[in-house]
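This is the structure, below, for whatever I ask next.
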Amino acid sequence: MKKKVLAAVLCAAMAGSMLAGCGGKSDGDKKETGRREMEVEGDNVTTLNVWTFIENHQDFYTEMAEKWNEENPDKKVKLVLSNMAYDDMHNKLSLALESGEGAPDVVDIELGKFPAFTTGQIGLMDLTDAIEPYKDKVVESRLDLYAKDGKYYGFPTHVGTTVAFYNTEELEAAGIDYTAIKTWEDFKNAGIKYKEATGKTFAAAETTAQWTLNLMLAQKGGSYLKEDGSLDVNNDTMAECLQYLKDMQTAGALDTIAGGQPDNEEAYPLYNSGDVAAAIMPFWQTSRYTSYMTDLKGKVAIAVPPVWGDNDAVKTIGGGGTGTAVVASGEHADLAAEVFAYIKLSDEASHEIYNVLGFDPVNTEVWTDTALTENPDNQFVQYFNTKPFNALLEVQDSIGLLDCYTDEKMPSINNVFTTQTLNDIFESDVDVKEALDSAQDTLENEFAE
Amino acid sequence: MAAEAIGKSQKRKNKMATIGMVIFFSILAILIIIPVYAIVLASFKPGNHLLQYGLNLNLDVANMTLDNYVLLFTGSHDYWIWFGNSLLLTVITVVLTLLVSSFVAYGFAAYDFKGKNFFFVIVLIILSIPFEVIMLPLYKQISSWGMMDNYAAVVVPFLAHASTIFFFRQYLLGLPKSLIEAGRIDGCTEYGIFFRLIVPIMKPAFSAMAILNGMNAWNNYLWPLLVIRSSEKYTLTIGLNTLINPYGDNYSLLVVGSVFSIIPIFILFICFQRYFIEGMTAGAVKE
Amino acid sequence: MNKVKKFLYSQKAAPYVFILPFVLTILLFWLFPIGNGVLLSFQDVLKDKWVGFDNYSRLLTDKMFFKAVYNSLKYMIGTLILLIPFPLLFASMLNSKLMKGQGFFKSVYFLPALTSVVVAGTIFRLMFGEMDTSLANQIMELLGKSPIKWLKGEWTGYFALLIVACWRWTGVNILYFLAGLQSIPTDIYEAASIDGASKWQQFIKISFPLVKPTTVYVLTISIYAGLSMFLESFMLWKGNNSPQNIGLTIVGYLYRQGIEKRAMGYACAVGLVLLLVVMVINMIQLIATGTFKKEER
């Protein structure tokens, strides 16, 4: 009896909420998730298993593989793509490589995790030969990111030039002209002015990433490591940059945000609704804007990021990245390397990388190809109210790199920064020097230095 | 007279106490239902609202939609593959665990043999070792045996399930030994006795443990996550967790999928409530 | 051949055949891994060499490990305080003859235990979101307080974790205690009632001592579950990396070192320390509650 009563109550509750739902309108777009398989006709088709952690990449790889098949009917491939969560995918890969079992043929490895796969026994294939045909057209520093001892282990996807994204509508309403922001000082003042005018957040004090910090650091010629590769996260340059960011936060130009950085599912809605106005992000943030911040169409400008002054070591840096690697023990490793060199580095690839993904291709010849970069049908050209590549071309000759990102210590350093140090500084008001000393201490313990 | 008055005031007091307690426990019940209600409610809202506004109880009727359910039933995604995998794995786990564990428990309950106490103490010790302690070495071992990405690796290590054995043993100790003797006189073998005589009368114990093990298998996450690699073998919990990904907008499916993942257990619970509670509390009342 | 068969079917050999599957799984999947774990804890698995007690001495100076131990202990103590006395009290109230609808409430309280941690953690993560419109912050608003970044502060994060634990386990523990209480003969209460003992006195003098075996059981599994908690935190913080590691537990650290950083040897050392801590605390608890004495009788 009681059981029946309970069941009835619950059914009624469910039915009630269902009825309540009927009047709604529909606006959700359907997305595919997880596993995808290409359909390829013909015999003699080689199946390649590909792991990714970004769904967009699946579209891109499928599209390029179809092109490859058209051009190479004798070497057709069929991609079976699995998309997994970021941490899961990298964990699974390291476990699979270690046990020599269950690894895919091709895998996207995120820059921050890459060094972990090029230490000890390397399970990835040396791609130097596969890269050779494309090498002279590609930004070399991006290849170096995925290199170890002179061998290349990953195909880069993009340069990831760090640029500034501004919500022009919100800034104009607050009386701020983003084109006048040239230096960090300008950026700070704009932020203070914006906060006073609107009470809203100008830009993010990042706690789960270091896009802004890394840019500042590289501009000052700093690093996370000493020349000899030993840990040096509490150096003076680092402290200066973080102190500057902290001062910006104290003055109101920055605030911590949900998700901790602009490239986060919790942060997209904040930008989309205009609660946060500016982002210092690598160029690939464009695709996040078009996918997740659709309300901002026609309201976002891409600009050259702020600098310290005229004497900076570099104007900007390449940030983030995904190196596509081939697993050495794979049955079809050689073919996989050839196909993915084409998929990621060929001229066609460079066009598609921009068209499909909205990234700045590593093949910089493409950057000046206005037929592509200013194509009025392109979704990115339509979305942003500046020409997307203008900012890139302005800084093209001064795109640096934080060399330490290829060091095997970097994944751990990033981990300590994004869990502990940045939160200490921006959420808990711990003294910058103190937080950095503590990070150095933790890391020294880990690496037994 | 006086006694009657006392009785009356006592009655009133008792009534007040009843009402007070019912109110108190109703409030507690509401508190416990709120999160479930919130997620059911959220399954009728667009997924990105969840990221923007968090989970709350706002009955935002204007924005309510059945889209998530349409997506669940007609969209192209792997949800039903995960669902099927989980169902399959749960059934396999339950059937095998019950069979093996009852087999072992009968050995402990029906016989006196050398080393019996020693082995039984091991059962008790294993009950108190956190699985996480052996997780990594076991993982390494499974991988060196080539059992990775195999459902056997998810199920086999836990077939002789210590707490299930313990429960079955307690249950079997309550059975009359004369039953076994009768079986022997009838000419059954030792194993024949177990399969023909004992298994049929263990039904209530099986139900309780089936539900407990089934629930655990359905909700199991960490070990399958380590062992299973290919996405076509993902279980529901692993699959749902892949939707929590900064590089995708999957909250629509996540929310509605979560709601649906509770439903099979919920139906079982409504039907077999008694066994749920029995299985759950089995260890708590030891003689 | 026939002899073997005959032996296997004999009454003497049968019990060993019955417990064989158990002995095999224990050997293969418990003892072997534990032994392996001990060996691994003296190795640097990535470099494939023996390092003696290096992993253990590193543990002693590893602040992050101590943070994990501290968090796990803190969580365990919190759950012990919230999840034993209150469910016991609630159970004895539910057990009262004056209470109506006992079955209904039992079912409802059991509901959270049906959900997986993956789902529960996600629900609570979104309820404790830092936006003004999340449920937790709506309640703060009702109380006239400003919104809180729940999952970014040490104590608010701890609070959220405890709320998840209470939500999931209050009902189950009530059921445990109810089962224990129902095994107490009712005439004891009647006798006490006639002697003029109040309900509260009956609870303290009768219920509490007589459900002690249940209490010891719940205490034991709570210690065990509290110290080895991982998934709740893993789901609440969407992964193993919480701000300032406020959600890092011992098992979380084991996972981080062993799976995320592939320092399998170091992770095994962490695991063995966990085992030691669980064993010691449980031992102290069993001695303190006098469980051993009773069994010696």
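Letters are used for the chains, namely A, B and C, taken in the order the chains are written, and counting of residues starts over at 1 for each.
The working rule: a contact is a pair of C-beta atoms (placed from the backbone, for glycine too) under 8 Å apart; a residue touches a chain by one contact, two chains touch by 3 or more.
It should be emphasised that the depicted structure is a prediction, and the values quoted were computed from it without experimental measurement.
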Shared touch partners for subunit A + subunit B come out as C
Of B-C and A-C, the pair joined by more C-beta contact pairs is B-C
So, in whole Å, the Cα centroid of subunit A is separated from that of subunit C by 38
Averaging C-alpha coordinates per chain, one finds the centres of subunit B and subunit C separated by a number of Å equal to 16
Multi-partner residues in subunit B (2 or more other chains touched) are 52, 226, 241, 244, 273
Touching two or more other chains in subunit C are residues 101, 107-108, 129-131, 259
Among subunit A residues, those touching two or more other chains are 3, 6, 95, 98, 266
Seen from subunit A, its contact residues with subunit C in the complex are 2-3, 5-6, 87, 91, 94-95, 98, 116, 119-120, 207, 256, 258, 260, 266, 411-412, 415, 418-420, 423-424, 427-428, 441-442, 445-446, 448
Given the complex, residues on subunit C that touch subunit A span 46-47, 58, 61-64, 101, 103-104, 107-108, 129-131, 149, 152-153, 239-245, 259-262
Contacts from subunit B onto subunit C in the complex sit at residues 14, 17-18, 21-22, 24-25, 28-29, 32-36, 38-39, 42, 50, 52-58, 100, 103-104, 106-108, 110-111, 113, 116, 119, 122-123, 126, 128-138, 140-141, 156-160, 165, 189-191, 194, 215, 218-219, 221-222, 226, 237, 240-241, 244, 254, 258, 261-262, 265-266, 269, 273, 276-277, 280-281, 283-286
Given the complex, residues on subunit A that touch subunit B span 3, 6-7, 13-14, 17-18, 20-28, 30-35, 53-56, 82-86, 88, 92, 95-96, 98-99, 101-102, 259, 263-266, 268-269, 272-273, 291-292
Interface with subunit B, subunit C side, in the complex: residues 9-12, 14-19, 21-26, 28-30, 32-34, 36-37, 40, 90, 93-94, 96, 98-101, 105-120, 122-124, 126-131, 133-135, 137-138, 167, 170-172, 175-180, 183, 213-214, 217-218, 220-221, 224, 227-228, 230-231, 235, 238, 251, 254, 258-259, 264, 267-268, 271-272, 274-275, 278-279, 282
